């Protein structure tokens, strides 16, 4: 059995105009590269164009460096922000957790079974509780307690790990700490948080208790990029579940765990498959 | 073919304690009345008890007045707010509309086909646009324009109709007007509004545009009782639909119409079937 | 205010190979035509390629006939089945109904309000019941009763109407009659039926009663193209709703009406927006 | 902090008639027992009555044995099948698995975190693959290979474990083996299987491949009691997920894993909370 062909993902953002798709598809075609997936979107409101194209490696094709060089003039012409990603390279995740482990367990399961094709070179927590399960997966566990006074130092150590371990994405898997503006800025568009409400409803603390107090009939969960504006970052994915008057706050919390796990896992997958493109404070998500 | 048996609905709210279900069921049983449905709920947070019991008419049963008299001592003992509703009596609805007709069309269709077993003795609008479709259904159409200056008078005419036509429920089927506090108070717990967002997100005007600006991945709709606190009334029902970056505000509006129609129709049905019991600023909904 | 620009929709099916997207996008670009939407899909299992591209009219652009002539060599080269549709032309629907009117009401409402931008030059029914509501919309109503003996003749009259009225799509909006193989063949890929079950479950008659007998916890509805193989035609759209043990067959029927209406309306919209491409006994649906 | 009060669950099935609820509620009330939850259902089609009532322990209350003795005459009078379950006793589960571990992982996680309050005295598999993860949870792993020739013996060993370990519920967490009629009979109404399709669609092997071949737009999963009639057992719970033409069979399989895990976990929870009552080949599920 031959291994499946290697794929590359070309992502593009630029001002919308005539001829972009033709230029991109023409470029790939001129190198006899076969497109397996392609999606684009022109935002009428902002005049921005977004594109994600997956193409297949072929024997004898130019190197990626050579392709990049050849593509540069097109990119220049259209004012593109663009990148060619190696789809077979496993992105490197740093997970930040606190004491709640449902999102962690879900991500570790998908990691362990290969459903989520990533490397996880470390898990950081401000509590020691989850060490055993993390280390059972062969992943180093970094217990970095944090207080108001030590936040800057603790975050510095995390950012140092992000650099040293070549982390592509930081995942706040119910980390329960508010990051400093410096940290948010340093991790811009590469740090995903799961908020346990259907944003923009119920920002801040204890959203399930807020939901209970308001008497909503549906609760939800939101995965978003972290920004300095708490719970206001660009939304990647949301999901909901029906509830009723019989649910206590604790039962909402329990029910919410399943939603949070699924929503965060999806958001991480969209990100690592380069399906998410920034669009101001919003996202374009070429989801399946 | 014998007609289906007549049913009655007993609704009860009172402080929770031991023996309420036994008293109610025992009372009905002592009159040889057959229970076809019964649901109750004790709110641990508030100590309130809520019950809805449906029982079937039988030949030779006491009159409802006699039953009420016989039940009064039980009600007294437990401090009940209670009511026996004739399930075969068609509740009388007054619909308030503006120019958008999707909720109106949906309700009229259900009315016309008997799916929603109600009387609709009138439709009020501040615009003339929907007269033809309303009158085609044989329903009087009352065009009552309103301005800031004439609000009090216009609302007075509506309230007069509510009285004169023995209206049980006022339905704001995209009425687009904010009711005065007096009007809200006069229609307390008998006026349902459909808000075109997933409350408490996106209160106020143009919620779909707000949703678009925020980049949410799911939109929704909320039916609630009208209170003086705009868009803060007790929620009866909500539903949602998935959207993505490609939806323009106008497309969200179009998509939302289907959700709004369904949510409002459900809320009205729950109300007229006496499935909704007030619980502070929340509702107990014994939904199916 | 200038009117919105006119759009055209190019649909393509052909064997998958390198360079198709480049050829199509290059062709449109060479005529300075702006692409507003484009989606394609390569079916690995069958090696077929499917594409739908929307482009915008521009002042001074070539006529569609000229574009077609210019595109023909590309189409030839790739072995394309292709078509350029005028997106502003309202497709012409013939609705076939029986006695149930929920799908009819829903489609007529969308027609009347412009949500479904179609012409409906006629409604055919084997019963007289729905004449009034149809004619109120200004649409001719054709009462064509049918028996086993008169089927051929009745279908002949319908097919004659399809021709004479230049019908693009026949919609069986709960028509309740099985079409003859000849009729199915004559309307291949241009006749949509709504089946009141989640196919392939509960084919044939009384699916809600079957669902009740089986004790399923979710019911659904399926819109599909009509083929000679009853209830086996290519599926366009499905939706579901949760139910439980308390629902009687009649209540399932009532609940199902809302699902059927929504699913059929979606399928019709996908079809008239040329979002559905045949793929053997399946469909590619470039849905939003 | 005082521990939460102990609860008991009274389940009843009997012919429907007047006075059952009164008798049950009156009985509990006469012992000053506080009802925290109660649901009942009369099946009009079969004339059977189903009830689940949760009541709270109180200091000085009679023993359960004494209550049972006191209740027996009522039960006799109404012809009840009935049981009083100790809600604080952890039911004992035996999990049967093969090589797929997503349902196993999900159940083990809920077990380990206390979300699913059960004992799991053993896991049986016909393959050795999942030994490590099971034993990490401190649960004995029994590798019992099976062939056509050894089925009777292998099943005998499992049934012996069911007896010896006082198993309340056997869970086929993607066990992939068809049980013999003897085994099915021995485990009647206490063996739950997860079938990876939306039954009754796609019975038998490779349902996701069947779903792909049929081109459905929604896939699902079904938890049901195991009977001799393969994939025809009483359905407890179902859930679905939307898919489209782009999903390969393998992707459907991957997507289905999340649905299967959730559906099986819910079914197990309903069962152990005694929310599921048999109703012929169907179930009454007093779900939340």
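In this document, chain identifiers A, B, C and D correspond to the written order of the chains, with residue numbering beginning at 1 in each.
Definition applied: contacts are C-beta pairs under 8 Å (C-beta built on N, C-alpha and C of every residue); 3 or more make two chains touch, one makes a residue touch a chain.
To keep track of the chains, here are their UniProt names: A, B, C, D = Formyltetrahydrofolate deformylase.
Fair warning: this is a prediction, and the values are worked out from it, not measured in the lab.
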* To do: Would you identify the chain whose Cα-based centre sits farthest away from the centre of chain D?
  => C
* Structure fact -> If you tally C-beta contacts across A-C and across C-D, the winner is C-D
* Give, as an integer number of Å, the spacing between the C-alpha centres of chain C and chain A. => 37
* Structure fact -> When centres are defined as mean Cα positions, the distance from chain C to chain D in whole Å is 42
* Check each residue of chain D and list the ones that touch at least two other chains. => 244, 246
* To do: Going by the contact rule at the top, pick out the chain B residues touching chain C in the complex.
  => 101-102, 105, 109, 113, 115, 136, 244, 246-247, 251, 254, 257-258, 262, 288
* Residues of chain C defined as touching chain D within the complex -> 41, 43-45, 198-202, 214-218, 220, 234-240, 244-246, 248, 279, 281-285, 287
* Structure fact -> Within their complex, chain C touches chain A through residues 17-19, 21-26, 28-30, 32-36, 38-40, 42
